[in-house]
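If you scroll down you'll find the structure; I have some questions about it.
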């Protein structure tokens, strides 16, 4: 299983803080595409992905049990 | 009359905070030379002069009643 | 001290965290909520964070600074929740033996916060609200990852 | 707020003096008494000022900053007398709408203090003491006058 966290505008648009997906081996890039297609998420081109609280590259592989966070453009400070 | 103020190392070396000189028209440069010669002050080449709380140039003329301050190299902050 | 907090930030406490017998300079940055941005009047802001990751990333910024300035002490506290005009959203304190390093390290910290700490700001105006991001795309990320420490 | 004081400086009060509804950034500089300078251990410092002129010069620095950064608010407090290790000798707070200006204006203020505010520092060590000046003559004054405002 993969846990996926949403923040800020994504959380508001989806009206949820998180969701889970049954596990299958998948890269960040593949997950991004799948979320855009199957879950009617807005275009995620400007969204970064974090796996277990570390930023992930497009070809990083997501493991069973990972927590994936979608990080829209940050605006702290 | 001209009032002359001393600070920091000058005040310690002379063991006084100020002195007065009878007035005569004089430039800052002339006063510097006179202080070095007649009042056994240490070399004042690195000392700035202020007239009435404003920095003065070498050829500024000191007027009767002015307060002249000798400003050794500053080290605030 | 690296914290995400929900209450007003006590600036003195952040400064105290970096006091050091061998520091000659402490530079602090306080990011405050400004009323006018591009002529538009902000009513208040709302900050949200991915708290556990944001905390780690603040610590990482501290470690990056220590690597560049081994004698530096760093403290960063970021507030989340609703903030009113003039409230402090973030306080960064850096102490170093000499002042040039304190200014530079402090500036580095705020730039890094903006590019890689998962915190988001929503501006509320009279006629609407918006999550503020990098709308102008002035920050570019290589391969989806904020650049690692400047070398 | 531009003051020469004999008591410990209340940093919060200096910061409060520059809080502004249109400020997005407040940068403060705290100059603290460092124990080690070039490997030599300082016991304490003594600061002396030509108080009335120093006060005027701090105000002048504030005016110079306002001319370069019209939206800036500036407060500077310098302490004199005997200061112990870690005590704050000077606190400079600058607020501006955007952060780059606050860092720059703050840095400008401390450099100007060192070059044209009549304050002197005496370092006391175990084996002696010395009035610290511009021993390396790194500051040059044209015609005996600290340069006027940078244009």
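Chains: A, B, C and D, in written order; residue numbering restarts at 1 for each.
Simple rule for what comes next: contacts are C-beta pairs under 8 Å (C-beta built on N, C-alpha and C of every residue); 3 or more make two chains touch, one makes a residue touch a chain.
For clarity, every value in this text was computed on a predicted model and none was experimentally measured.
Participant: Among the chains, which is located farthest from subunit D on the basis of C-alpha centroids?
Facilitator: It is A.
Participant: Where the CA atoms of subunit A average out and where those of subunit B average out, how many Å apart are those spots?
Facilitator: 72
Participant: Using CA atom averages as chain centres, what separation in Å is found between subunit C and subunit D?
Facilitator: Subunit C and subunit D have C-alpha centres separated by 25 Å.
Participant: Residues of subunit B touching 2+ other chains?
Facilitator: As it turns out, subunit B has no residue touching two or more other chains.
Participant: Please set out, as single numbers or ranges, the residues of subunit C touching at least two other chains.
Facilitator: 31, 110
Participant: Mind giving me all the chain pairs that touch?
Facilitator: Pairs of chains that touch one another: A-C, B-D, C-D.
Participant: What part of subunit D is in contact with subunit C in the complex they form?
Facilitator: 11-12, 15, 19-36, 85-86, 95, 97, 99, 102-103, 106-107, 110
Participant: How about subunit C: which of its residues touch subunit A in the complex?
Facilitator: 31, 47-50, 52-54, 56, 78, 89-90, 110, 113-122, 131-135, 137, 139, 141, 143-146
Participant: For the complex, give me every residue of subunit A touching subunit C.
Facilitator: Listed in rising order, the residues of subunit A that touch subunit C are 5, 7-9, 11-12, 28, 46, 48-50, 53, 55-58, 69, 71-77.
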